[in-house]
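Order as written gives the chain letters A, B, C and D; numbering starts at 1 within each chain.
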Amino acid sequence: MAITVKFFASLRERMGCDETVIDSQSAGTIAEVWQQVADDEVLPANLLMAVNMEYAEPGSVVRDGDEVAFFPPVTGGGNGC
Amino acid sequence: MAVEIRGGAFEPWQELASFQQRMSAVSGKYGATAVFVGTMRDFNEGDAVRGMFLEHYPQMTEKHLEMIAKEAVQRWELLDVLIIHRVGEICPDDPIVLVAAWTAHRAAAFEAARYLIDELKSRAPFWKKESLPEGERWVTGNTPAD
Amino acid sequence: MAVEIRGGAFEPWQELASFQQRMSAVSGKYGATAVFVGTMRDFNEGDAVRGMFLEHYPQMTEKHLEMIAKEAVQRWELLDVLIIHRVGEICPDDPIVLVAAWTAHRAAAFEAARYLIDELKSRAPFWKKESLPEGERWVTGNTPAD
Amino acid sequence: MAITVKFFASLRERMGCDETVIDSQSAGTIAEVWQQVADDEVLPANLLMAVNMEYAEPGSVVRDGDEVAFFPPVTGGGNGC
């Protein structure tokens, strides 16, 4: 009955934690997961999200046991390269 | 095909030498190898950079790098492919990323290597935080491909 | 910048490692390295190839490779460039040519490396003679770039 | 009063030698050098030529002491690469 929610990079720092667990009955979509973990703050437009390590959209459905993640745009590779 | 995340320093040319030694199954079949190495610069956007922390999303990173590698193998009929990406604390002049593609012909090798690094930079969940003399900052967007 | 003609076998990754060690002047300045290695295949145009002889025009080869390297340095603001080309008797799986370009950004590195190998193949005076089970044949034209 | 003429690859084999020296007074252009070394054989259309290691054309002027070279299209780099 639980959904694990992870945060990365600058969002992790802003949220003050890297992971939290919420009740799956309170969240049917990623947007609803966000509302719950972010105290109704508007979902930032450039935020990326994943369900079970696949990229997803705010409307994507989440299910009990899922791992949801929110993170800023990715910046891998060399710096400047 | 190999995709590796490294927590410590790696030496790209040594990695290529030892990876290629294990490629005996395609020995004599590849005519072209294209390689790209991204190295940490000591400056970015006009500022001096002292060091960098590279965060990632364990498992999701490997999963997406493997997807990217498989796409390239299929699209360009690669004989082999290697991706290595560093995470954690990184110093200037350290290699950060290595991609390599082995093919029969050269155009495919170049295109595949370019695809690997471009897709890695846009899809793989890595984030860079730079240490400047004035403090730290998250890199907010990757340099465009051209 | 270095341009070398080799009469014997060379190991591309080892060459890159030792060349890069001598590049201390631009340490921390290059973010991108693009490399291309051409290796001898054991087949060509549908035929098995046992070995190859690579003839060249001494001095003219070096002169034109240096011209090509300088053109690339100027056009893409390369921080460094390396070209190594083998001549003489060559066996399948042996590296034949290595080109490498070091730059601040990745697009320039890829474009420069591609330019180096394309121009080398069209302008540098090298000729390949293949040994097939049926006898020898001169390669009459290089594979088109794409 | 001499011009060195070099041949490479399949042309070298066909000419039976890699180098010959001709009198510079008998040759003002590369085309004339070719006529002299090739017994008036027509200059093959795809043959490349150089004067002092720079690519040149059949009409290029040659001078005493020059090194002229004739060779087939170049085929450096890996085989098939």
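As a convention for this text, a residue touches a chain if its C-beta (ideal position, glycine included) is under 8 Å from a C-beta of that chain, and two chains touch if they have at least 3 such contacts.
Keep in mind that what you see is a predicted model, and the values were worked out from it rather than measured.
**Student:** Which contact partners do subunit A and subunit B have in common?
**Tutor:** C
**Student:** With chain centres defined as C-alpha means, what is the inter-centre distance between subunit C and subunit D in Å?
**Tutor:** The mean C-alpha positions of subunit C and subunit D differ by 25 Å.
**Student:** Between subunit A and subunit C, what's the gap in Å when you average each chain's C-alpha atoms?
**Tutor:** It comes to 47 Å between the two C-alpha centres.
**Student:** Quick one: which residues in subunit B touch 2 or more of the other chains?
**Tutor:** Residue numbers touching two or more other chains: 31-32, 37-41, 43, 104-106, 109, 117, 143.
**Student:** At which residue positions does subunit D touch at least two other chains?
**Tutor:** 77-81 - these are the residues of subunit D that touch more than one other chain.
**Student:** When you draw the chains as points and link the ones that touch, which shape shows up: line, ring, star, complete, or other?
**Tutor:** Shape of the chain contacts: other, as it matches none of the listed patterns.
**Student:** Following the definition at the start, I'd like every touching pair of chains, please.
**Tutor:** Inter-chain contacts occur between A-B, A-C, B-C, B-D, C-D.
**Student:** Touching subunit D in the complex: which residues of subunit B?
**Tutor:** Residue positions touching the partner: 31-32, 104-106, 109.
**Student:** For a test of understanding, state which residues of subunit C touch subunit D in their complex under the given definition.
**Tutor:** For subunit C paired with subunit D, touching residues are 37-41, 43-45, 49, 52, 54-57, 59-60, 63-64, 85, 96-97, 117, 120-130, 138-143.
**Student:** What part of subunit A is in contact with subunit C in the complex they form?
**Tutor:** Answer in residue numbers: 77-81.
**Student:** Given the complex with subunit C, which residues does subunit B contribute to the contact?
**Tutor:** Listed in rising order, the residues of subunit B that touch subunit C are 11-14, 16-17, 20, 27-43, 92-93, 104-107, 109-110, 113-114, 117, 143, 145-146.
**Student:** Which residues, counting only subunit D, touch subunit C once they are in their complex?
**Tutor:** My answer: residues 6, 8-10, 12, 50, 53, 55, 69, 71-81.
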